[in-house]
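Pasting the structures here.
What follows is subunit A paired twice: with subunit B in the first complex and subunit C in the second.
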Partner chain A sequence: MKENNGKIRRLIITSFYIFILFGLPLWWKTTEVYRAQLPFAEIEEWSNWEAFDLEFPTQFIIYVANVETSTINCANLSSNLENSIASRYNVNHSKEASNGKRQKSVRFPVKIRSLDWSDWKNDLQYGNLENLNLVSENGQYILYILPNTNSNPNTKVLVGNQRQAIIEINQWDTSVIEKTVSDLIVSLFMSEQAAIKKFIIEPLSNSKVELDSMRTMKYSPQYQVTFSLMNGDPSDLLVNWDIEEAVDKYLQFFVNKISMISNLTVDSQIQHYARLTFEPYHKADENYFFLTPELLPHFINAAEWNLASAVSSYPTLNFILYVPSKEQSPLYIQDSKGNIAESNAFLIPRWGGVIIKNPERSTGIHNFSLEELKSIMSIFITQLRGLLGVHDVWTEAKHALDVTTSIEFVTPPNTAVTMWEFDSLIRRRIAENIVTSITTLKSLSQLVTEIPNMVVLDHIQTEVFLALDNLAKSCTNLYNNQYNLALYHSKKAIELAESAFFDPTMVSMLYFPDEHKYAIYMPLFVPISVPLLVALHREIKNFKINKRVK
Partner chain B sequence: MSSKDKFTGVLIFGAAFAVRLILFQFSNITEILGSRVEIVTPVTSFTRLTEGLYLFENGVPPYDGGAFHQAPLLLAFFQLLGYLPDIFTKLAFILMDLILAYCLTDIAGIKQQLYYNFPKLEIELKDNEIDPWIVAGFYLFNPLTIASCLSKSTIIFTNLSIILGIYYSLKYNKSYGMFWITMATYLSFYPFMLILPLILFFTNNAESRGKNIKSEIFSCVGLFASWLSGLLMLSYFLVGSWDFLGATYGVILLLPDLTPNIGLFWYFFIEMFDQFRSFFLVVFQLHAFIFMVPVSIKFRDHPLFSIFILSGIMAIFKSYPSIGDASLYLAFLPIYSEIIKYMRYNFLTTNIFCYCSILSPIFYHLWIYAGSGNANFFYAITLVYTIGNIILLVDATFAMSRREFDIWNPDLRNYEIIQK
Partner chain C sequence: MTNKDLAYNGYLFAMWQLGRFFSFFVLLFTVVENYQHNDIFKESLTIKPLSDGKLLTHFQFNVRTNEIKEGKAFSHYKLFPRAIGQIIQSYNAHELHLTFTQGRWNYKDWGYPIVPSAGTGVELWAWLWKDGKLDKNWKSLTNALAGLFCASLNFIDDTITVQPKLSFRPEGLYNATELSARAELRYGSLPHENVCTENLTPWIKLLPCKSTSGIASLLNGHKLYDSNFHSMSIHVRPVCQGFECLNKHLEIVQTVSAVVDPVRNSGKRDWSLNQIFGRQLSLACPLAEESKLEVILSEDGDYKLSPDADTVVRKNDGDATIALYNLKNLQLDTDISMTWNEDVFKYNLNYEQPRVYAHRFFTGYGQERGGIKVNIFNKSTNFTVPIIYYDVIPWFLKLYLHTLKVQINGEEVQDSPIKDLYYQPAVDRSRPNVIEAELLLPPNSITTLSINFDKVFLKYTEHPPDANRGFDIGSAVISSVGEGFSYLHDFVTRNCSEDIPTTACYHFSIRVYTETLLVSLPTPDFSMPYNVITLTCTVIALFFGSMFNLLTRDFVALQSNEGDKDKESKD
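What follows is the complex of A and B.
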C-alpha cells in the first residue's frame, strides 16, 4: 500500500512536469520577438549613394531659321552648345567634389539637337506661339531662333507657357547664337539645379537659412486648402462671399494641374467675431490703422480662431480674407519703410496667406462678388504657388541674363502655372522625395538595429522592399527622361517608407527592458513553481534514501 | 422506490417546474437575468444566439456578424423550436433542467449502489444514505441554477450533455456515454477534460465485467474521435463552411471578446502587454487543463469525484465562466454528502457565495452605470468568488482524502494529519 502510494504520488508529480514541458516550446514560440529581415545592406547602400546615380536629363531641340545670308552648321552648333552648357553646369559641381567628402553624384546631362528651319517666315508671326510644334514630355524643350526683324537692337527672348521659347537674335552670327542660347538655358535651369543639389548634397544643413525651403510646405501627397472669411465684428457689417464659384472659376484649373504632384481638397468657412489679439497702430492724421511687419507674426489669433482642420489628417493650408471691425478700419499693412503695401496681403511660411480687405460698410452688409474675388483669388493663388514650391522662372532668369538681352514671358494660362514652372516643380519634388525616402529608411534601419526588442512584422518588411523598389524605379525613370513616372514612383517610395516608419506595431515596443520581463513573469510563476519544486525536491530525497536502504 | 419516495420526487419536480414557469412569466426578470454578465457570457448568451439565428434564417452566414459564438447544432435546434409558439422555448429550458435533475437522482442512486460494498466509517453505518430526490432538489432549487435557467443561458446544453454522459457511462453504455461527453466538448470545449474520469468508469470494473482494459480505453477514445468528427462534419454541412471553428473554439481559446464575467481572464487580458498576450493565453488555458491528469490519478477509484473536482476547476478557470458552470459542479456535492462532515470551511464558503451574489451586481452597477467605481471593484468580487470556489474544492479534496485515510486507518482517526 505504502509503496503504491509513493508510486502514485510520483506519477502525479510527473504529470504536472510533463504538462510544463509541453508548455515550454509554446513559451518560446509565443514570446519570441518577431523580426522580419530588413534589407539593411541595401538601405545602407542607398544612404551612402552607392546604389544609384541621380540624373536629371534635359533635351533641347533648336530650330534655327534658314537665313540666306549666312549658313550655320547645325551639327557644330549642337555639339558646341552641349559642351559649353555642360562646362557651365559643372563649375559648381567640381567645387563640391574638391572638399574631400564622398561625391554624391547628381548630374544634369544636356542633349541638343539643332534642326534647320526653312519656312520659318510662314510658320511664325512673331508672338504667335500656338502654331509652332510643341513637345509633351517633361524635360524636352524647343527653342526657335530667328533673326531680329525689328529695329530694336537688343536680343529678344520670349518664353512661352508651354515648353518652348523664341529667340530673336540681333546679330546673326554663330558665336552670338551660341552664347545667347547657352545663357538662356543656364539662366532658366541654374536655380533649380542649385536647389536640387542642395537637397541631395546637404539635406539636413541648417547653416544657411534658405527662404525658399522655409516657405514651402513639407511634401505630402495631399493637402487640405481652407479658405476662411474672417469677420471682425458682424454687429455693424455682415459679410458673405461667392467662394464656391470663385474656386470653380479661378482655382480649379490650378488644382487639376497640380494634382499630379499633390491632391488639393478645398473647403471654406466664414467666421464671425474674429478679433485681433492686439491693437493695430493708428495713424491719426490720415485716419487709418496699420500693421507693421513686426506685428504680422501675431496676426493669427490661434487660440480663438478655429482653424485646425478636423476633416483630414493631411497638412492644411489656410487662406484668410480678413475684414476688420469698424473700430479698426480701414486697416493696412505697412512695410518697414512706412509705405502701405499695395496688395494688403502677406504670406505666412508653411502655413498659408492672409489678405485684409476694407469693404464699403455703409449698407451694413457686404457680399464679395465673383468679380471682387478675382483679384483676391489671384493673390491667394500666388501665395499657394509659393507654399507648394512653384518657383517663378522669370524672376530667377531675369537676374541671370545679361542686360542686353530682353526677356519676356508669356503670362501663365488659367492654370496659373506654366509648363516650365511645373516641370521644374516636378523635378524638385522628385529629388526631395527620393532624399526624404532614403533618410526615412535609414532612420528605420538604425532604429531596428539599435532596439533588439522591436517587433518587425512582415508587412513592414514588404513596405521597405517596395519602397526600395520604387526608389530604384524612380531613378531609372529619371535616367530615361520619364519624369512623370519618376514622380509617381518617388511618391510611392516616400509613402511606403513613412507608413513603415510610423506603423503602430513598430512603436509599441520601443522601450521594453529586461527587468520588465521579470516583473511580468514573477508574480505568476514563482507561486506556481514553489510547490512543484518542493515536491520534486522531496521525491529526489526519498529516492536517495530508498536507494541507500536497499 | 416506495410510493413515499415517488411522492417526494413529484413534489420536488413539480415545485421546481412551477417556480420556473411562474418566473418565466415576468419578462422583466428574464430580461434582466439574460443581460447579467455573471449569468450569461458571450459564448452562452441567448441574445447572441437569437442574432445568429436571425442571420442563419435569412441566408447570411451566422458567424459573419462577429457576435455569435455558439455551436451550429444549437442553431438547428432553435430553428426547429422557432416553428413552435414562444412558450416552447421556455418549456425546453425548464425541461432540460428537470431532465438533468432526474439524471442526477439516477446518478446518485447508482453511486450509492457502487459504494455499497465499499468500507465505511463506523458512524456512517447507522445513517441512511442521502435520498436521491434530495440531490435533485439541491440542484433544482439552487438559486444559481434557477437564475441560469431563467436567463436562457445555453450553458444548460453543455451541463445536460455532461450529466447524460456520466449517466450512460455509469450504466456502462459506452457509445451513448461517449456521445454525450463528445457533445459537451463540441458545445463548449472544456468538458474534454472529463473524458479521463469517464474512461475510468469503464476501466475500473472492466475485469469484473469480463473486458480488457486496453480495448476499453481504445474503444472509448475511438468513439470519442468518431463522434466528434461526426458532429463537426454535421455542423459543416449545416452552415456550409468551417468558419464556425474559429468563431466558437477560436473565441473560447483566444479570447477576443473581453466582456467582463466572473472569471479571471477578462481583466488580466485587458491589462496585458500585447507582446505577452499570446504567451499568457497559452499559460491560462494550459492551467485549466493541467489538473486533468493528476486529479484523475489521485481519485482513480472515485471517477465521479474526479468529475466533481474537474467540473469545479472548469467553472473557475475556463475563459468564459458563468454561474451556470458553478451550478453544475455544486450539484455533485450532495451526492458525496458523506464527506461534508470532514469539510472545515463550510461556513466560510457559504458566506462567500452570499457575499458575491449581493456585491457583484452592486459593484458592477457602480462601475458601469453609476461611474463611481472602476473595473477593479468588479474584478475584486470575481476574485473573491474564485477564491470561494477554490476553497470549496480544496476542502472537498481534503475531506475525501481524509475520509479514505480514516477508513483504511481507523486507529489514527483522532490524530491530526500534518504534511511535513
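What follows is the complex of A and C.
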C-alpha cells in the first residue's frame, strides 16, 4: 500500500515537471516580440561578394577610313586592340574576401569591332557625323579614324556631342593607329575605373581620402537646389535678380538631362541682413576686405540664413550669391599666397557653392540682370556638376595623354553635360548605389541580430527581399550592357534598403525589455518553484535512503 | 511684360525729348518700379491704451506677392517667406491661419482684440483644395508647421481635427461656389500649448528684415513674454489688388499682439517705447513700402505725446483719433512716449463695454458626469445680434444632445433662439463632438446654453504623464455673421487693408473666444496593472501550492497509541 502511494506521488511530481518542460517554451514563444525572418544568409553572401560578379562592359565600333594606299586588316586591328587594352586595363580587379574563400571582382571587358569605312570622304563632306550611325546605348561608342588632312604633325581628336569621336592620325600605319586608339581609350576610362574599383573593393577605407569622393554628394533620388541671394545690408543697397529667367535659360537643360539619375527641384530666395559671423580681414593700403582659405569654412551662417527647406527631406544643394554690406566691401577671396581669386567663388564639399559679388552701389539699387547672371550661373553650374559627380572625362584624358594629341570639341548643346560625361556618371552611380545598398542591408541585418528586442514587421522583410531582387537585376543588366536598366534597379535597391533601414518601427522596444518580463512573472514562478523543488529534493533523498536499505 | 514695354517707351520718349542725361533717370526710375513691382512689404505698430490702464501693442507685417498663383508651380521667392510659400504650395492650401496665444483676452475690459484669433494655446485652420489626398496634406501641413515653429502642432490628429460647417469662413478673396465644390476646411487647436521664444525666433526669421531693422527690432522676447496677454499669428490668404480686383495677390500677414501693464511698474499709465520693449526704434525697414506707428488716442484725458505725431487722423466710422508716425521719413532720435497729467492712475468705471462677449464654465461635480454652460452677453440696447456658436468637445466627454437647453435671461423661452444647429457626435478615439449653432441674441440679454455629459474612463496608456492635472478643452468661438454688422467691429479691426472697399470687408467676421476649460477625468492608479499581475500570480501560486501538497502528501490521522499506553499504565 505504502509502496504504491510512493509510486503515484512520484508520477504526479514527474507529470508536473513534464508540464513545465512543455510549458516553458510555449510561454517563451507567446511572450516574444514579432520578428519577420530576414534573409541573413543571402545578405551575408552579397556583402562577401559571393552572389555576383560586377561587369562594366564597353563596346567600341571603329570605322577605319579606307585609304587606297594602305591595307589595314580590320579583324586584326580589333583583336590587337582588345588584347592591348585588356593588358593595360588590368581587367580583373580582385581582392581576397575577408574569409579567404572567394574573391571580390570587378571586370571591365572591352569589345571592339572594326569596320571598313569606304565612303568616308563622302560622309565627311556632308560634315554632319552627328547624324550618322547614332548609338543611343550607354557603353557603346563609335570612333572614326581617318588620315590627317593638313600638315599638322599632331594627332587631332574631335569629340562629338553624341557618343562618338573623330580621330585624325598623322601617320597612316597600323601600329600607330593601334597605339593611338588604345592610348585614348585607356586614358578615357582609367580614372572612372579607378573610382569604381575603389568603391567596390574598399568601400569603407578611409585611409586614402579622395578629394573627389569628398566633394560629391551622397546619392539621392532627388536633390533640392536652392539659389540664395544674400544681401549684407539692404539699408545701403537693395538687390534683386532675374533668377527665374536665368534658371530657365541656363540650368533647365541640365536639370532635364540629369533627371534620369536624380531629380533636381530648383528654387530661389533673397535674404536680407545676411551677416557674416566673423569680421573679414582688411587690407588698408588697397582698401579692400578679404577672406583667407582658413576663414571660408566659417562663411555660412547656418543659424541666421534661412537655408533649410520646410517641406523637402531630400538633401539640399545651396548656391549663394553673397553681396557684402557697405562696411565690408569690396570683399575678395585670397588664396594662401595672397592673390585675389579671380572668380571670387568657392565650393563647399557636399553642401554647395558661394560666389561673392561687389556690385556698384552708387544708385542704392542693383539688379542682377540676365546678362550678369550668365557668368554667375556658369560658375554655379560648374560647382553643381562637381557636387553631383559629373566628371569632365575628356579633359581628364587630355592630362593622361601625351602632348602630341590635341583635343577639340564640337560646340556642345546647352545641356552643360555631354554624353560621354553622362555615361561615365551613370556607371559611377550604379557602382556606388550597388555598394551602398549592400552596405545598408548588411548594417540592417547586423542591427536586427544585435538587438533581440526589436520588432521586425513584415513590410521590412518585403523591402529587404525586393532590394535584394533589384540588386540581382541590376547586376544582370550590367552584364548585358543595359546601363539604364541597371541604374533603374540600383536606384530601386538603394531606396528600398534605406526605407527598410530607416523605418520608424525599426527601434528596439525599450519599454518592454526582457528584464521586465522576468520581473512580472517572478511572483508566479518563485512560489510555484519552491514546493516543486522541495518535492524533488525529498524524492531524491527517499530514493537514496531506499537504495541504501535495499 | 507691360512694365518692360512701358520702360522701353519711356526710354525712347526721354531720348527724343531731353537727351541722354535725362534718360538715365528714367531708367533708374523703372528699376525702382521693377524692384517694388512684385512683392510689397508693409509694417506697422499700433499702440492703444486700454481702459484699465494696460497698453495694447500690435505689430503687423504684410507681404504681398502676385507671383504665387494657384496651380502654377512657383519657386523663386523675393520678400514672401520661402518656408511658408513652400508649405502653401506643396500642401495645396487656399488659406492658412496659425495663431499662438498665451493668456486670456479680457473682452469686458479691453474690447475686441485687433487680432482675429485669441483662443489660448495654438489654433490652426486652413482651407485646403480637394486633390484626392486632402487629409494627408493636412497631416503633412501640421507636421511641417510643427517643424518650422518648434511647436507640438503634429499632435493635431484625427481626434482633434474638425471640419466646421458654419464658422471660420475664408478671410481672403474667394468664390463661394468654387470654394464649396473644391475646397475643405480643417481646424485644430491645442489649448495646452505653451508659447515662448522658441516659437518667436522662427517667426521673426520669416520677416524680410528679420529683427535687424524696422519695427520688428522692438520685438524683445524678454519684454514680450512678460505681458498679460500675447498672441503671435500668421495668416496667408489670397487678396484683391485695387478696387476693381483685377489681380489676385497672395498675402501673408504676420502679427504679434501683447498687452503690457505700465501701471504695475509705476502706478501711472505713462509709457515710452523704450520702457515697453527695452529697445529703441531706429529706422524703418528699408524694404518696406510703408512703415508706420499708430497710437490710438482716447477721447478724453489730459495727455501728451512726444515727439508730436506727423498727422492725426480721425476715423469717421469709429469715433477714434489716431496719431500717426510715418517711420519712412522720420529720423527718430528720441523715444516716442505718452504721458498723462495725473499722479496715480485711477480706474475708469464708465468705459464702453463690447457688445457681445461670453463666458463658459463647467457645472456639476464628481468624476462621473458634468455639464458645460455658456453665457453669451449681448449688451447692445436695441440690436438683435445673429451669431454662430462653435464648440469642440473632445470624445472623452460624452455629450447628450437631448440635454441641450437654451435660456434667455435665466428663463426658458417659447421660440428657441437657435436658428440652425449642426451637431457632430463624437466617435471614441477618432473624432470629437462638434456643436455649431446659429443663434439670435435678443437686445440686452444673457443667452445661456447648457449641455450635460458623461466622463469616460480612459485606458491607462491614454493619460498624459501629468494625468492629475486634467485635460484642457479648447475655447468655444462666437463668430459674427453676414454683412452689415459693422457695429460689432471695434474701430481697430484691421483685417481689411486700406485699398479694399469697406463693404467688401465685412465677410471678415469678428470672433470672440471663451475661456479654455480644464476637466479632470477619473485617474487610475498607474501601478495597477503590475499590482493586478502580482496579485493574480500570488493567488495562482497559493492555489498551486495547496493543490500540489494535496496531491503529493499523505494526510494521515495521528494515532494516539502512546497516550493510551500511558492511561493504561496509570490505571
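Note that the second predicted complex is superposed on the first by the 456 of 550 C-alpha atoms of A that agree within 3 Å, B and C clash if a C-alpha of one lies under 4 Å from a C-alpha of the other, contacts with A are read in each partner's own complex, and residues count from 1 in each chain.
One rule holds in what follows: a residue touches a chain if its C-beta (ideal position, glycine included) is under 8 Å from a C-beta of that chain, and two chains touch if they have at least 3 such contacts.
Computed from a prediction, not measured in an experiment: that's the story for all the values here.
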Query raised in the report: First (subunit B), second (subunit C), both or neither: which does A:Leu524 touch?
Result: both
Requested in this report: Quick one: classify A:Gln269 as touching subunit B (first), subunit C (second), both or neither.
Outcome: second
Report task. Name the contact category of A:Ser235: first (subunit B only), second (subunit C only), both, or neither. Result -> second
Query raised in the report: Where does A:Ala535 make contact in the superposed view: on subunit B (first), on subunit C (second), on both, or on neither?
Result: second
Query raised in the report: Can A:Ser79 be said to touch subunit B (first), subunit C (second), both, or neither?
Result: neither
Query - Between subunit B and subunit C, more extensive residue contact with subunit A - result: C
Query raised in the report: Touch check for A:Ile243: first (subunit B), second (subunit C), both, or neither?
Result: second
Query raised in the report: In the superposed arrangement, which partner chain does A:Phe19 touch: subunit B (first), subunit C (second), both, or neither?
Result: first
Requested in this report: Please indicate which partner A:Gln446 is in contact with in the superposed arrangement: first for subunit B, second for subunit C, both, or neither.
Outcome: neither
Report summary line: subunit A residues where the subunit B and subunit C footprints coincide 12, 16, 520, 524
Query raised in the report: Can you list the residues on subunit A that touch subunit C in the complex?
Result: 5, 9, 12-13, 16, 234-235, 238, 240, 243-244, 247, 265-270, 272-273, 304, 306, 309-312, 363, 365, 367, 520-521, 523-524, 526-528, 530-532, 535
Query raised in the report: What residues of subunit B sit close enough to touch subunit A in their complex?
Result: 273-276, 278-279, 281-283, 286, 289-290, 293-294, 297-298, 408
Query - Contact set on subunit C toward subunit A in their complex - result: 28, 31-32, 34-35, 75-79, 81-84, 86-87, 90-91, 140, 144, 147-148, 205-206, 208-210, 212-213, 283, 285-287, 530, 533-534, 537-538, 540-542, 544-545, 548-549, 551-552, 554
Report task. Note which residues of subunit A are touching subunit B in the complex, please. Result -> 1, 8, 11-12, 15-16, 18-19, 22-23, 26-27, 30-31, 33, 455, 508-509, 512, 520, 524
